[in-house]
Amino acid sequence: MVDAVFLALSVLTIGSAIVALEIRSLIYGSIALMLTLSGVAGFFLLLDAPFVAMFQLSVYVGSIAVLILFTVMLVRRELIFNKIEDKRRRYAGIGLMLALMLGIGMIIIGSGMKSMETNSPSVDYRKIGEDFLTYYSPALVVMALVLAASVVGALTLARREDITNDQRAD
Amino acid sequence: MSTQLPPGIQLEKIDDRIMTLNVGPQHPGSGHMRLIIKVDGDYIVSCDPDPGYVHRGEEKMAEYRNYIQNIPHLERPVIHDSSNILYPYCLAVEELLGIEVPERAKYVRVIAAELNRCIYTLYWLAIYGIFLGHSTMFMWPAGDRELFIDLLEAMSGARVTHAYLVPGGVRNDLPANFEERCLRQVDYFEKRLKEYLAVFYKNPLLISRTEGTGILSKTDAIRLGTTGSVLRASGVDFDIRKKEPYDVYENLDFETVVMKEGDSYARSYVPYLEMFESCRIIRDALRKMPKSGSVRTKLKPNPKGGNDEVYKRVESGRGALGYYIVSNNRPEPYRVKISVGSFRNLICMPYLLKGELLGNMPSVYWSLNYWPVEADR
Amino acid sequence: MSTIAPQFRLSRFIASLFDIIFWVLLIFSLVGLPLVFIVLFYIKMPVVNGQMLTPYLAMTWMADPSRTLPIIKSFMHTTLFHVLAFPGFGFAALLSAATIYVERKFLAKIQLRVGPLYCGRIEGILQLMGDGLKLISKEIIIPAKADKPIFWVGPLLFVGTAGAFVSLIPVTGGWVVANPAVGLLAVFATIGFFPIISVLTAWAANNKWTFIGGLRALHQMIAFEIPLILSLLPIVILTGTLNLSQIAESQQHYWWIIFAPISAIVFFICILAELERIPFDLPEAESEIVAGWLTEFSGMMYGLIQLGTYLKLYAFAGLFTVLFLGGWNGPSVWPAFPADIITNGITIGPITAKIAGLPLFDQAMLNGILWFVIKTVGVILLILLPRGVFPRIRIDMLLHTGWYKLIGLAFINIFIALGLLYAGVLGPGGLIQ
Amino acid sequence: MSSENDKDGQPSGTSAGSSEDSKSLSKEDAKKFYEEKGIDFSPDVPVKPKPIPQFEKSISDRVSSKFGSKVTVDYVRAGRIRVSTKKEDILDVAQFIRDELGYDHAESVSGVDYPDSKEIEVVYHLGSYTDEKLATQVLTLATRVPREEIPNPGKDSSRMTSLREVFYSVEFHERECFEMFGVYFEGHPDNRRLLLPEDWADIPPFRKDFKIKGR
Amino acid sequence: MSTAGGIIRALNSGVKHLAIRRFTLRYPEQKLKFVGDGFQFNPETGVGIAGLRGRHILYHEHCTGCQLCSVACEGIAEAIGMVKVNETWKQNKKAIMPQIDYGKCVFCGLCVDACPFYALYMTNDYELSSFTKSALIYTPAQLAIKPKISQDVEIKVDDRGATHG
Amino acid sequence: MTNGLIDFVLVSVALLAIGIYGLSVKRNAIRMLFGVEMIINSANLNLVAFARFIPNSQGQTLALFSIAIAAAEVAVGLALVIVAYRMYKNIDIEDFRSLKG
């Protein structure tokens, strides 16, 4: 029931997620995060949602990964390779992670989701467009406003007040 | 800050926002010199020119050679403008030794100097083009330069290092049918020059890129003692050919090109317009030149200068070019100082580049008409 | 370390030959053949003429030339052939190589030069091959403090991404490597990878010039990606599909450049910027930042980047053709094959010549390829032309152009397209089509 | 020909391929050849008394009337005036020249080494852009600073006041003069090396006791 | 709009140049034609005769071994040395003649100016490259040979542009 | 579909747990953002998976909304990181104690 592509994708996704958090260099961490996000896009393709997959790729890999890389490269070189963490907190975190995985995993396996399979045809991406423009159109407008506000906010935050672009100093 | 450091080496404050870039001496965007540029983002915070990469001590060498032997090596700083860099030397030595120059030789010298000015300006323009990423503007002037190189080759016998001007006139007479050939090629060249307009000078991308960058005001141009096209682009009408005419320039019909803007576009446009004036001078000189006559006053074999000094200057492709020669009754000069336009314009570089974008660095730098080899001497 | 060659002995030579033959046979029969069969067990073989193609059958047919045609035909429809040869990498690489040669001659012509002249006797036609050989034979120099894994993988990723981009371009009806329903979105997703690769390699080279160049590439590509996407929205609005093949087919009567001329201009400028070609080649501005993010590349790594760049050039030109210039649609200029020639061959007097390749192609396909190539070459020449006449612009002008002017211009055409759609001129159920 | 006056007496570099025989033929032979040909070997500069031009005379008179014995007017020719002064007074003279006479920039700053009188002369050539009448004029302002046998640039007694405050354009020229002659300019903001390499450890190269190799 | 007009004019100018003749001199196949036979000098008048300053030619029958060329070169390139030759000329008692090292020569032609006996001139030959440094040293015997030169191309200017040929 | 819904949900649970681990353990501001991204992606994966198996289109629509919001969130988050880095010259959130600039 589980085919090879799915297995490979899940190994890629989860493995690179762990790598992203644990590797020393932040640059490699960002690359691993990109791999995780691409893996999720691969899952979307498996789920017959190519529109979401391509959107995921172009938004996450095309812009968010670039943003993260850009920020990481702005940081001093020592900090990129510096690992900041607390050992006790780390063990607690691993415990929490395992507990979460096991707990929710057991619940899900125990639930009726296990036998859920489908043979129905996949949803056409045109349907999503219809959704956007009919039922969810207020949400679309709100989302556009949120995006605009966040971009303006980010620009305002990251702006340097101490630099003035005057051409002639003396 | 310790005082034990040798002069020239500085400790610098480390700031993670300021990045120091060594532009040159081996960098496609510098000549044979180094610009130590500090950038903050894309803005240049400070610029420290560091010439001297091709310093050869021409002035020192001149103290060991007699007045004739100095000719081939004194033209080396600007081989593309070799007639013009020899011109003040010849004038100075003539005054020092009291030599009269024949009338025809004066005209021939003017023609050689103007042809050489065109050669230099075209070469400069070619590099200006490639500095702005315009490869066509590298190839066209470099090709059209061939016209003038051929003319000077017919005149002097060498294609680049002419060693044509000597104290007392020129080395040899013009070849047969030179006038006709020169006129034909100058006519064609003027036609070619007009082609540059659409592709380069009137190109909206170039205009928007260079206009308003690196502005040198008129007062600053005077205060900094700039010269040549940099000065004239800032609105100062000063051309030694007009103000202090040497040889026969007072008889010839030409005008000084002056622009008011003082930005890098104006600085690059003035030499271009001066090429038209050069063509005019060449035509006029060919018309007014005596058709026959001597072109060289015979010198004594090893002439000695008196106990005197002389300062002569001409207008070269890069501005005023002066020779200060001190002699002390010997066949060799006691001291030769070459005051070159490039070195005088060097002072503009830190002044103009401060606060500019890094992308403006090539255009501002090369619009200063700066020839590193000449500045180093 | 030089050693004197041992004296030649025939007996030892023969013995070593037998040795080699023995080991080759042994390894082939015990390891090689089982491996081949294991692989073939998992690979689905095509069905040709109603027969499953087994290795034995394939070898049988190969022995008989008259029966190879079905194999070739079936091979031409495998994914491998699609990816490597015709609509994919081979075709694109061929066009890219031609582009490099044409660019050099074309530029030389504008600049009153000669261009490549001696290599290959005829107007330097083999110059590219010589350059490639030179690049391959050059040493690859890695900076000492570079981040080696990223630095190594950068050029490969660049070519790979460019190849992925090429695979999305439909050449003619049905001939496309990957034909997803959301093809245009896939294009956007693919070109989103380029800035990451350039900024990563630039960072990895650990050089100030590469880093400045990488940041410039990043700024430039991000700034021009948005007008690029916006300029294609009118097409999507008018056709109602994201599939590139369907978009190309929808232009059987009218090219979209008629209804979206502003979009075409915006898209063309964005192509120039994304390709880092001359008015916008700031990431490689050699007079400011030595060679930008390519400074530290040498040898074949640089060659790979160049290959990727020209693949990208072909892909963008093809995309322009597909979106605006009607794709492969065009008048039928390719003569139809008479049926008797396909079946019986040409009979001239006593000789009957069978043209072997004819059943592999059909008229529509050849016609489509012809028109596609003609249009793409035209677009490529238009992309090459600015290099001859424009200087490089400055980074602030570039960003200003991208963020302010082009986005505004792109919106104009979106409104035009919407107007056409609501007026009922175009689109589903419109007057035209 | 120059060998006659070769002061360091070193033999000049022999040309490639010159055989043993040619070395025996010294340069005296060349000189002898000239004498045989009757060519005058010691030409003198013809002295032509020129009239002193009026305009230049008026300028030099203004300088000498202002400063009296502090300055000496060395010569007045067409377009050229030379004024020399003591190094202590040069700032005042320069300020007067700039403010009253209208010279506004320096064309060059050159040093001349005089080992015999143990002095280095620093020569400023001043010109004017603003004053139309002065366009042909170049005023030569000279001063002399002491010269030490063993130079220690920047720390010995050969130093003078920088004219950068008066003529801004001398900035790079004075830097060049500093490294080439070892004259330290007090008040110059940036007395660093310019043309020479940063690790130059020899004496300032344009002094007369710095010999070019082989000559 | 002027921007668009300028862009179109620039593009048009670029396209127009596709039809203009190429300017490149294809050097090994084409060689430029020079004025005269090379740079010569008339010591009587002190004026030279125009011509290319290429490699020298030495007329053994005029050379007196006076070394003036060598002395003139001393401060410039130090390329000329005087060597003994196995010839007997009555004007050249010492039997020395100039030998020129073209690895050092700067082709200024001042040695030609210095020669008072019409012995040393320059020719149109400029292709002097060699694989060894020693092959660049031309002995008096080599200098005496008149070079064979085929130079036939000069710039032609017409309506369709300038071209070599 | 050869894969059942449970497979996707399990992967998403794993991603969620790793994200929570990163968020709780790491003190590096950028790495904490990584954790947030993983959590958001696990949610998206769930949305799309359920939408596929129910089947309807609204799951995908919501996922698209979520991606867009995530982009905005990352932009603001990274701007905050840059500001904090400029103030403290560090990206360790333990150092971000004082709220004064």
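Labels A, B, C, D, E and F are assigned to the chains in the order they are written; within every chain, residues are numbered from 1.
Here, contacts are C-beta pairs under 8 Å (C-beta built on N, C-alpha and C of every residue); 3 or more make two chains touch, one makes a residue touch a chain.
A quick note: this is a predicted structure, and the numbers were derived from the prediction, not measured.
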If you check the contacts of chain C and chain F, which chains show up for both?
A
Averaging each chain's Cα atoms, the one nearest the global Cα mean turns out to be B
Contact-pair count is greater, between A-C and B-C, for B-C
Whole-Å distance, C-alpha centre of chain B to that of chain F, is 63
If you average the CA atoms of chain C and of chain E, how many Å lie between those two points?
52
Between chain D and chain C, distance of the C-alpha-averaged centres to the nearest whole Å:
68
If you average the Cα atoms of chain B and of chain E to get two centres, how far apart are those centres in Å?
26
Which chain D residues sit where two or more other chains touch them?
1-2
Counting only residues that touch at least two other chains, what does the list for chain C look like?
110-113, 388-390
Could you list the positions in chain B whose residues touch two or more of the other chains?
64-66, 69, 136, 143, 199, 203, 205, 208
Under the stated contact criterion, what part of chain F meets chain A in this complex?
1-11, 13-22, 24-28, 30-31, 33-35, 37-38, 41, 44-45, 48-49, 51-53, 55-58, 60-61, 63-65, 67-76, 78-83, 85-86, 89-92, 94
Going by the contact rule at the top, pick out the chain B residues touching chain E in the complex.
64-66, 68-73, 136, 143-144, 146-147, 150, 153-158, 161, 163, 171-176, 184-185, 188, 192, 195, 198-199, 202-205, 207-208, 294-299
Residues of chain A that touch chain C when the two form their complex:
27, 31, 34, 50-51, 54-55, 57-58, 61-63, 65-66, 69-70, 73, 125-126
Can you name the residues of chain B that touch chain C in the complex?
19, 21, 27-29, 42, 129-140, 143, 199-200, 203, 205-206, 208-209, 357-362
Touching chain C in the complex: which residues of chain E?
7, 10-11, 13-15, 17-18, 20-24, 26, 161
